[in-house]
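By letter and in written order, the chains are A, B, C, D and E; residue numbering begins at 1 in each of them.
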Amino acid sequence: MSAETSLKEWLLAEEPQSRRQARWGAWYQSWLTFRSNTLAMAGLIILVLIILAAIFAPLLATDDPFAQDLGQRLLAPGVDGHLLGTDSLGRDIYSRLLYGARISIYIVLLVAMVAPLLGLVIGTIAGYMGGWTDEVLMRLTDIFLAFPRLILALAFVAALGAGIENAVLAISLTAWPPYARIARAETLTIRSADFIHAIRLQGAGPIRIITRHIWPLCISSLMIRVTLDMAGIILTAAGLGFLGLGAQPPSPEWGAMISEGRKYILDYWWVATIPGLAIFAISLAFNLLGDGLRDVLDPKEGGA
Amino acid sequence: MNAIEARGVDVYFGSGAELTRAVNDVSFEVAQGESFGLVGESGSGKSTILRVIAGLVPGWTGEITVAGESLQDEKRSRAFHKKVQMVFQDPYASLHPRQTVDRVLSEAMELQGITDINRRITRLLNDVGLGAGFRFRYPHQLSGGQRQRVAIARALAPEPEILLLDEPTSALDVSVQAEILNLLADLRSELGLTYVMVSHDLGVVGHLCGRAAVMKDGEFVEVLGIDAMRRLDVTQPYTRHLLESSIRSIR
Amino acid sequence: MTHLIDVENLRVTFPTRSGTFEAVRGISFTLGKERLGIVGESGSGKSMTGRALLRLIRPPGQITADRMEMHGQDLLNASEKRMRQVRGRQMSMIMQDPKFSLNPVMTVGQQMIEALRTHEKVSKSRAGERALEMLDEVAIRNPERVLTLYPHEVSGGMGQRIMIAMMLLPKPEILIADEPTSALDVSVQLQVLDIMDKLVKERGMGLIFISHDLNLVAKFCDRIAVMYAGRIVETCKASELGRAKHPYTLGLLNAVPDLEHPRARLDVLKRDPAWREAPSVSARQ
Amino acid sequence: MRLLATVAITLLGLLFVTFMIGRVMPIDPVLAVIGERATQQQYDETFIALGLDKPLIVQFGIYVRDVLHGDFGTSIRTGQSVAEDIRRVFPATLELATLGTLIGVVLGVPLGVVAAVRKGTWIDQLARLVGLIGYSIPVFWLGLVGLLVFYGILGWVAGPGRLGIFYQGLVEPITGLLLVDSLLRGNITVFKDAFSHIILPASILAYYSMAYISRMTRSFMLEQLSSEYVTTARVKGLSEWKVVWHHAFRNIRVQLITVIALAYANLLEGSVLTEIIFAWPGIGSYITTSLLANDMNSVLGGTIVIGAIFVGLNIFSDLLYRFLDPRSK
Amino acid sequence: ETPPNMLVIANRIDDIKTFDPAESFEFAGADVSRNVYEKLVNFDPLDLDAGFGPQLAESWEISEDGTEITFTMADGHVFASGNPVTAKDAEFSLRRAVLLNKTPSFILTQFGFTADNVEETIVATDDNTLVLKLDKPYAQSFVLNCLTATIGGIVDSETVMANEVDGDMGNEWLRTNTAGSGPYKVADWKPNESVLMDLNPNYGGDAPAMERVIVQHIQESATQRLMLERGDIDVARNLSPEDVAGLVDTDGVKIVDELRGRLMYFSANQKNEMLADPKVVEALKWATDYQGMADSFLNGQYTVHQAFLPLTFLGALEDKPFTYDMDKAKAALAESGFADCGPIKISVREAQERLDIAQSLQNTWGQLGCDVELIVGTGAQTLDRYRAREHDIYLGAWGPDYPDPNTNAGTFAYNPDNSDEAGATGLLAWRNAWGIPEMSEQTLEAVVENDTGARRDMYLALQKEHQQVSPFGVMFQQIEQNGMGESVENFVAGGATTAVSYWVITK
């Protein structure tokens, strides 16, 4: 018990004694704020569950997600030990769902790696440099912004070939402009802040200022946007899957599963609906999480 | 040798119909070790002069020499940053919200190629009256006065000769203001610094400076010693008006 | 005699993550037809006191008091409808910063006329005339033009005067002025104070003047309450400020650098934890 | 002037990117024309007829020149001029997206305002839930289920397509928007039928834009409601209604218009899946099908139209901003 | 509910590009064309098995040497414009098809017609007589079968030439307009949306019961089913097996099965060293779960069929030598030089049933030890790769172009020059780099055999060999399951040989 209290005290110390303690303390403070937000916690819990499901899929799955059994197709949930029924090729939906979680998380990670980063780099450079650099980069952003998103993604996929990586790449390539805009707007306000002037006066160059001082401040608003957008991204990936350009069979990607199952929606509703619910759950989790993060990271919108 | 010499400095902002002349043909010099004040109403161009010196304003004209180094445009040499530092008006805006005091100070030292950072940080914090306990705090864990001390510590980190002070206490309570003013006075006598300080509070200028320029609409109305100010020994009516209203508001 | 305002044991609390935070911790005071100054350092609860009187603390903040009356009428439990009649009409407040306190997308005229017509059945044109008169009274030149301006088009000093004019338009009996001059230049500051002084004297209002500048308050008010950490630590007649005893008050007085009386070192407040815990001094009369 | 230049550059860039995507695609536009059984000689003839033998930059130049003359080329999939095709399919999407946005605004804005005013109460939670669901349900799933329930089982609305088969061609087009045209022509039966067809897909789209609009409205309103001028308004003794609508809401109009314009643009370009499910002959499904058939002229044409609309909406909200916000003058 | 004199059909018609019979080559286009354009000879929709019979030509004669066919035109056929149909129109239409040289033109040019010789080889000697001169004495049935294809449609020469632009022989105009003598004319076409056909007012035959036919483009099977259940359409043409199963018990709706000519096959690129080993291909053929697929996701819509000629075609082989037999498959693989089977990529276009088949192949071939990857793409993408001979395994469908056995023999079993330079991209055998000089000879011999019985035997033999040695694994033949209102009678989708005929439908 005392170990626990002392850890807490250590974390919440008014006067941290080391860099590590300061950093952990700051994290802990945010965590406390976050924890008090019930809905956000719900989101986090769902997400953690999904991640656990993805990690332990081999343990949790009752069947091989790819094993077909044409004699056992389109079984209703619960029949013959298939918890969530089987699909049109007689594969166990529950097991596929578990493995599908891996793909969804993979998508999320991949997009989260590419789009916001690209947006961050472009937006902060444009915002900080100003002048014609800004002009050129922002025109580029406008062009991609004016582009119909799904269509651009479709075009990319059509060009690169169908498949989950390409789908994600395509989505990322279409998703960065809003991030660039946010990052730029944020940079414009930060750039004239006194603490940036101060560091300039210390002799720091633009690269250092952008990466060390501006990025950390843009990241929180980007992170909020990313989590809120994540649902949209998963849905876009699913949409590409629906159009047949996302994950390829026999991959148990949820969007592709819906797409496969939609043929049967009138008689075997669960085949499409269960992955639909899974997508709903993960999007919901991200949305709740994003809302919560906004309260934590962006006090001006959340506060009382 | 003068620490700062300025000749015919002009600053324009905006363009076309929005063109404003923020500073209009300003000349002055500040001797080594002197403390020079800039007073005047809001928008008269006080801060702009400091920012021009610091290299934060693009496109000014005129001549400025700082510690023998002639300044151009926004470019400032490494040596300049070592010699000249600035403290800003708003302690809430002048610290990076995501960086600990430690990080702020150590980065400033790193940039100047200073070694032995740990020991120096401890000493700096002591110098500005904070103590080592504050080293790993984030700005939001500090009061306004404490933040301003951190900002001063940051400015002192490269061991400069000249400090530019832009209303360093106007965002603070009187009680805290007193602490900061005392600190600045102590540092000057200990380290032999040169100050250029902006304030609209004549009391503050009077406390810290030996000489002050009165500004109006981007121009120097008058430059006079603090003693002359006290005696209301002025030539310009604007200066007199400023001094009178300031004295009246206090008493 | 019933007081204009009578407050006993007023508390304003905010729930926070680390328990409830008490911004105002049980203060008592009364206000007659006089000028009461409330001074204290930043965060001492001055503004919250002012807002609490008008019941403008937004949830989850909470106001409690043993008594909070105006003219002997309870304000604490009055209906929201009743409060709307009180606000503006009987008790009004000038906010700290004109830049943020005026609606940016409405003209000055619209906002002033609205203030008046909320409480009085007057025609628009009549309300406009009254607004003009009022602007004139607060020494605004060319008031016709000012009525058509948007807030961003007026300077800080003008904005503050407009605020004053607007709040005085429905002729309230009580005015709370929350640091009405701290955002202004010295020269403009004086002007604004002069105007307020004149109006208060002429109209015989009760005034609560909030500021952190002890000297200013002493010069301007009849009575002073010094706040520290949500409590009143000392109260005295303005004229008797020289006899103040509380070290906090003394500290505030001596911390100010003075052009005429230079000192080598300024006095620095040594905050005593006991100040925080000492019971609130009543400013009731 | 500057604005015009910006628009021109953006559109040209848009053209260029689309064009390049079309050309670097590893699929062969010639095949799309001639089909599976063609001989090599037929292939070569078509290759030259399509101008594919010229250098890329020349092809692009020719294309831009044609577009400036309003000629988007011929669709190899429908055999008709792309401009003609777009004129046919665009009104369908426009009608759908407009109705969707309208419903979204009418429901979303008040919901967002109320949620902000009653922050933390059940209505706020409800709004949040409605929004979250809107953000999280795949549209194609909702569309199919909606069709099943409201058309298949309940029979409350008409099925896929824009108009019942027997009503087709009864109303001479004026604007191309069936709801408007039928009213202009005074044909109430056609109007009813068209409405019955459009209401379900429009509602489904509306749900998504409502989710977005209400969420943004709420957060804008929260920001305004905590500002000082709102307190000032309260100090004046204004009623809550006036405080909320006359003061706070007035201040978010500009931001709101931007958001609505964005939502509208999103529906115009993003209703592809809905269009497919509801057999709605709109521009989204037009471009998609064209893309899958590698009919690049149609894709380019459609993309430019949508891009131009996007840019147009941006300019429109910019202009409105200048008009509505005194600070911008 | 639909009006009694109107037929409303839901179908996928996004492949229609043109109505010009000289150019039209898609399924949905053929459906329109058959009802708009009459041909010299044609099939009777109510008796498809009888083969072609007279239509615009009332009779024909073959010359002694078998290279000249003389048609005598029938009376009473009138174009929608009111112009009577004459031999001149037939001459114009057939010459036009050759001269325009669009994709389907090979159906005619394989008889030796060229742009240079049409003036002599396709000649109307008078208004009543048309003479075709062939370069070889082809089997009569072969020639006449070809004339029943869409490209054999006779257009109104006067109307068409009135709409000529830049010497295009009215091609531009005919893409969106029709000028035929068939029972219907196209009144309105909205690409991707609908085709509306009205009666040809001057139609010479019996007045059809359906005065108006509307084909609506509905992509989703579920949607088609809902519309059918609600009575908003009369016929649903793209129902999935599950939706068919769901409709079987629905009141007022019936399902009509019809065997079509479309085959589903996989083929192995012989440029791939492993796949060039006949034993490997044999193993793959044994490792395919034909019946399993036909009984599950293809249920009712495909029947197992393993020869390149579809059933009902002359000489179609009914033998199904391959079954799903893992032991035989493994044995065959063991005999091959690739006992542990390397990686295989299946190219498949994005379409649900093909994806299902591909996944099943992936599954069962996987059990052989093969590492199977699916390469999914749009139609154009996969086709592109196929034509460039870059695939490993191509999973495809093939529909006959005209109702003669040569249509499939000429592509599955004909590839005289297998070099890359030959560029015979139209030939399936070439696409799979399968060089077969001898089999090509046999295929050529079969088209000039005028004795129908002998010709049948030739094709049977050809298929028997093909089944065993070819890199083609033919798996299924399509059964079209159309859902329709109970009262709809005489809906004939066209069998294996032709397209739909609306004019005989009643309801």
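The rule is simple: a contact is a pair of C-beta atoms (placed from the backbone, for glycine too) under 8 Å apart; a residue touches a chain by one contact, two chains touch by 3 or more.
Here the structure is a predicted model, which means the values were calculated and not measured.
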Which neighbours do chain D and chain E have in common?
A
Stepping chain to touching chain, what's the minimum from chain A to chain B?
1
Of the pairs A-D and C-D, which shows more C-beta pairs in contact?
A-D
Outermost chain relative to chain B, judged by CA means, is E
Separation of chain B from chain D, taking each centre as the mean of its C-alpha atoms, in whole Å:
54
How many angstrom between the C-alpha centroids of chain E and chain C?
89
Approximately how many whole Å separate the CA-defined centres of chain B and chain C?
33
Distance between chain centroids, defined by C-alpha means - chain A, chain C (Å):
49
Residues within chain A bordering two or more other chains
158, 161, 262, 265-266
Per-residue overlap in chain B, given as positions that touch at least 2 other chains
none
So which bits of chain D are touching at least two other chains?
26-27, 144, 148, 152, 226, 292, 294
Which of the residues in chain A end up touching chain D in this complex?
39, 139-140, 142-152, 154-156, 158-159, 161, 228, 231-232, 235, 238-239, 242-243, 255, 258-259, 262, 265-266, 272-273, 276, 279-281, 283-284, 287-288, 291, 300-301, 303
In the complex, chain D residues that touch chain C:
120, 226-229, 231-240, 242, 246-247, 250-251, 253, 324-327
Residues of chain D touching chain E in the complex
26-28, 31-32, 34-40, 42-43, 45, 75-80, 85, 88-89, 144, 147-148, 151-152, 155, 158-161, 164-166, 168-169, 276-277, 279, 281, 285-286, 289, 292-294
Please name which positions on chain A make contact with chain B in the complex.
14-19, 21-22, 26, 193-195, 197-204, 212-213, 216-217
For the complex, give me every residue of chain C touching chain B.
41-42, 156, 185-187, 189-190, 193, 212-216, 219, 251-252, 255-260, 262-269
